[in-house]
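Next come two complexes built around chain A: one with chain B, the other with chain C.
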Partner chain A sequence: MTITETAPEAEASDAGHPEGRADGDLATLVTTGDHKRIGRLFLGTSLLGLITVVVAGLILDLERLSTDSFELLTSGSVVQVTALHELGLVLLFALPALIGLAMVIVPLQVGASTLAFPRAAALSFWGWLLGAALWVAGLLVGGGPGGTDLQGTDLWLLATGMLIVSLLLGTVCVLTTIFGLRTTGMTLRRIPAFSFSMLVAGSVWLITLPVAVANLLIIYLDHRHAQVMWGANEAILSQLSWLTGQPQIYAIAIPVLGIAADQIPVFAGVRQRFTGVLMAAIGIFGFLAIGAWAQAAIQPTDIFDEPLFVAVGVLAVLPVLMVLALGGETIRAGKLRPSGSLITALCAGLALLAATAAGAVHVIEPLELAGTSWHTGQMNLTVLAVILGVLSGSWYWAPKLFGRTLDDVAGKLIGPLLLLGGLLLAVPLLVAGILDQPVTVPPGPVDDPVGALNGAAFAGRALVLLAVIGAAATLLRGRGRTDTPDDPWGGHTLEWATTSPPPVGNFAEAPVVTDDRPLFTETAEEDASA
Partner chain B sequence: MITLGAKLYFGLSAAAVFAAWVLGLASGGSPLGVITFSFAGPVGDQLGFVVLAGTAAVTFFLGVVVVALRDADPVSVTEVAGTDTLPEVVPPAHLSPWPIVAAFGAATVLVGVVVDLVLAGVGVVLLTAAAVEWTVGAWADRATGDPDANRALRNRLMAPIETPIASAFGVFIFVFFASRVLLALPKYGATAVFGIAAIVVLGIASYFATRPAVSRSLVTAALLVGGLALIGGGVAGLAAGEREFHYLGPDGENGHNDVEAEDFGGDADELDDEAIIEGDDPESDESTAGDTE
Partner chain C sequence: MTAFVTDIIPADPPEAPRARPRMVLLGTGFTIAGFAALFVGLFAVYFTMRSSYIAAGDEWIPGGAGTIPLTPASMMFITLAMSSITMHWAIWAIGHDDRLNTWLGLGLTAMLAAAFLNQAAFLYDQMGWEIAGDLAVQSILIYAISGLQILMLVGAIVFLALMAFRAMAGGYSSRDSEGLVAASMFWHASVAAYAVVWTAIYQIK
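Right, the complex of A and B next:
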């Protein structure tokens, strides 16, 4: 039964429109207001950011493996590189990549002709990019946490604020699109899982990240003028560590659930059942990811003694399990077509489940894992889920993102390879945490069992780096197809009702929907079975 | 009816209130203080409590707004607006440089606040220009239903202001940064560098002039590289400082009134009124050696 009044083979011509030029046109690129182009810019540059911060992580791993005291770095630059790695994973990769993906896909999913405030979205990207450049420059001139250059540290603090504000601006654009630009018939209950997960994630980001800006403002004022509250810059990283620790780290992983939940019914060829339960699970996970209250550096008592902290840490695993169980039920009800994007999405779900399970163990106080490398392992698992989620989304929505399908064989390899590398990275760090390896890089050789585990973690991170570079190369190369079908998967949601790539304005005419799976038809089911 | 959006935000709000109470009670707050949000007693961990209570307040407000707007459901919007169809939302009809200018302005303000307030002022000027242009552009985009007419309207309003300001700004930028390069380079080096630069500019311009079909990207890239080279050179010149200057008196190099620091044993204070040394340290070796041509 159909449900959309828009012809799937909607045709539109971009000829003559200034946004119709190719991405290679530099003038168009820097002045664009097209949400698809801005989203691609976010995605591409955030992948560069990911490669940068993974390399920083490799340097830290090498330092852990050193047989003498600090070999590659100094005690100060270890803190700088740690800041680049940990905060970079969130601010240079996870948030911008997800916002970029959402900027392209969300308007298509809700039937909008554009993103809300498209020029503000462009400002969001350029502000983020320049903020990132200043952020890295602040570290390079010797500023930032652990640095010795006072002006460099001031610059780093302000640039961190600029990064966050820019990302929040992009989030506002996405949320406003979901609320204000839905097409006729597209009630909130009918929006696809990815759009709903972005609604939850964006709301959590908007509630929590301004607290980080407030943190930065206080640190900046103290650092620039008196340095009486927090000292020179020793305490900066610890005061911002809540951004990369439990439960706030889960905020970057909320859209992963939506990415997986959108694909499973399509590749199983059946309707998503229990949509309300799915949405509730994503909403609950969103609440459990609000972590601005759990600031260990400022809290009067040990955060691990707080019952709320323990409860949130343990409960976070439940909504993830719920979403995966719903996915399993959907797969069982249908006939699965294992595509590269689906395999990567399932890997992302498993990585997130592992991350939340590790988080649940982390908060059990008698195990005394606080302050150990268990924290690093758990964070890496969460970010791994985001990397897998972003790549899965990129593969699945490639016809809409890039106007072509990506190599499915590569997609089937990269997901498991990343999961393997990520587990090889995270599990040794978790085990080393049980063996009391501190979260910071120790200034000297470590005993053999821990040293061997650090070696394994280094190999795992190198594997992750290789897989990410391979994925980035595949994204750049594509398959060179010019005859990309509008809907190569038999998709259920509205983004598949327009051409690949979508034209300026997205749809030839505004679609009208009367169902939460507007394109799900008996034919699609038959196609899937075939 | 409670809409889905309202359920989400009210649910978040209720959960945040509950979490704030749990945190407050567990961290030493009194039951009365926690329930009254600190009006009648302590709340324990103040930071955590305030963040959670703030979360509850914000999400409750969002829930109320979402209920009032019925999730901004398209059907509800049309009913409220009294129309049959939703107002058309169209993507931008024109490209706009102002977002990137605003981003550069913000970045300049940031660097300026840390390094030099004059630079921050430049950033504020950029931000102001972007804000004005953006505002006028947004107004013009909605003036009529015809994008070309909107464009013409915007140009008629802004071109008389933009053209002279942009020209003056361009000339200022060129003169300022080029002069910094000239002042920093050695005497004959400046002549050589700008001679070569002139030849390069002429060559590239001639190339473009003879190939009308050359791609926009190439022209843009050439202008971008040229502009960045000029600004980068100017910044480098500023950082390096001006070269040493020896004022040789009214008769020039070959006259009889040549006055140099070394004639006074390197003591610049003994120079007469006609001879001035700028940017020079009379105690330094270079100063006492001086230019003797």
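Right, the complex of A and C next:
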């Protein structure tokens, strides 16, 4: 036993409740080592983060629509809100939401009784939450990129580092679970698609996000002591913009492929077709998403002149297309039951395909889309895929996450509504990019047709916000119901072999696996005997 | 009735106990990978800046290479290299249930680490660089990289101390020394990090 394991007495004291003591107890929340509870905390707070950053996006859209007589933000504030919106989408929503989902689902999928290093996972959440609070506070006191308060900027830089380090700690817990806590027979080839996609995504995050910490360290020292490398506040955002640009932005979308790939065979009622090819496609997408090299600090020339950058931008669409094609082939081989989660997952896949296609067009130099709002539209499409993926996963795994199924009708509505809103947001920005609208929000009013396109983007973002609030309300509704079946979908993978919600220790007995779809095999035999 | 050998040998031998997952080693490995990426990020900026200065016809370190004295930096390298050996000594000893040599190895490692930190303070003092003026860019990068390595070593000291306390309490033996091995792995990684810092910054300048 090592000091990082959950204390046995803690497990014993939780044994009375199906998954320990109630969530509402603050002391239990703060000290919990239960991976399901920590994952839920990550998911819930990241949804709050999403609402915050979408509102920030709406403010930017309003600024784009502003007239001479009405300006919402000063030029410095525009940069601050842009930082809140763009970096917030990654650091306050996408990464924590995916890590939260993985913290709950990955141990169940690989047959582990717990997450590796549960206390480190708890530290990861609380560190991230504190970092997020300081991050927003740094902006509110006038710091951050574009801010005028130097100490506030120092705080913002440190908080950004804290956010990333905390998220990396959570990533290490998930990766160690996948590598070290798989149950008997669960080889790496047999792990479900979501766990595999988290393995790929976690590895990419682990080798790229520390580079952002390196950037922050240098920016912090420069900003605090000399301001000779990148000035006071002006260039901070551009030094970190690689996190939200191609190809690094795809790193947050890797698990979306796994979420979709786990559901399609279940709702088609057949085995996944060409599992090896599917895993290879997810792995290739992950490899192409390594983007720390494409940053301003180490690229003396324009990144759009780099052949590697162009090649990666064009190639990224292929693995996504491959995963969707394999999904289509699997659907064709079976009989589809369209559930809310599946529809949302398919919307996520389409949004990611649109994002990578937009990314492929973005890097074609003769089109001269670099530095235009095409970048913003492409980023929004990628994040849209992540929002849809996280919601789809939340609906699908709701029995394990929350101990209940979610409203399927709402699920069927929210996915398409989000996709519609996201497309209404992103497509006008892409078209405005073709019309040379710069990526930064211009200081004055813009003429039609770009002004009209910005109006459409505003409407699209408002629709996205409404859909996200609707989804959050559905997640909160009906808490405490206990009549949930263990496996409402006829799932194929191990998480459906345990109760809903899973007990402390996840499984009554450690499962033994002889197949990549252990529950599907049993179902088929039962069907045959029937 | 004739008894056959097969009657007393079970048809299926009992299943071998499942290998204990080596989680601390795995977690330490991932942490080292994260630190490696961090150093790669810092060195990428360092060498980009350095080459841009040289390409512009400027000196990377104004005032000549003697501005950063090599002797203390090399002594620091030798100190850490010795600590790697004493660390390995401790691991070898715990693998043979030799507690006396384990304590000796760990104690010497801690002592060498303290010597390294003292030497680092001496080197910084001798350099006398401030993050200002002509040397501001160079100072930022060199302090960021060397400071991070020192931070990593301090982390390794804390990790080693925690595992050493567990070893003192009898938590580790030849059958299970995972925590100590993980701490030693992190230790060697921080020594390797200094080897790169020594080569890239103090040697090449």
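We take it that the second predicted complex is superposed on the first by the 492 of 530 C-alpha atoms of A that agree within 3 Å, B and C clash if a C-alpha of one lies under 4 Å from a C-alpha of the other, contacts with A are read in each partner's own complex, and residues count from 1 in each chain.
In the analysis below, a residue touches a chain if its C-beta (ideal position, glycine included) is under 8 Å from a C-beta of that chain, and two chains touch if they have at least 3 such contacts.
Only a predicted model underlies this, so the values are computations on that prediction, with no experimental measurement involved.
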Which of chain B and chain C A:172 touches, first, second, both or neither: second
First, second, both or neither for A:361, with chain B first and chain C second: neither
First (chain B), second (chain C), both or neither touched by A:207: both
Which of chain B and chain C A:298 touches, first, second, both or neither: both
Comparing the two partners chain B and chain C, which touches a greater set of residues in chain A: B
Partner chain(s) touched by A:140 [first = chain B, second = chain C, both, neither]: neither
Partner chain in contact with A:420 - chain B first, chain C second, else both or neither: neither
Touched partner set for A:189, first chain B, second chain C, both or neither: first
Contacts of A:215 with chain B and chain C, given as first, second, both or neither: second
Partner chain in contact with A:226 - chain B first, chain C second, else both or neither: second
Contact residues of chain A, present in both the chain B and the chain C interface: 120, 179-181, 184, 207, 211, 292-293, 298, 300
Chain C-facing residues of chain A, complex: 2-4, 116-117, 120, 168, 171-173, 175-176, 179-181, 184, 206-215, 217-218, 221-222, 225-226, 228-229, 292-293, 297-298, 300
Residues of chain A defined as touching chain B within the complex: 17-19, 21, 24-28, 30-35, 112-114, 118-120, 122-123, 126-127, 129-131, 133-134, 151, 154-155, 158-159, 162, 166, 179-189, 199-200, 203, 207, 211, 279, 283, 286-287, 290, 292-295, 298-301, 306-308, 311-312, 504-505, 510
Sites on chain C touched by chain A in the complex: 18, 21-24, 26-27, 30-31, 33-35, 37-42, 44-45, 48, 52, 131-132, 136-137, 139-141, 143-144, 148, 162, 166, 178-179
Residues of chain B touching chain A in the complex: 3-5, 8-9, 11-12, 15-16, 19, 22-23, 26-27, 45, 47-49, 51-52, 55, 58-59, 62, 66, 69, 71-75, 85-86, 88-100, 102-104, 106-107, 110-111, 113-115, 134, 215-217, 220-221, 224
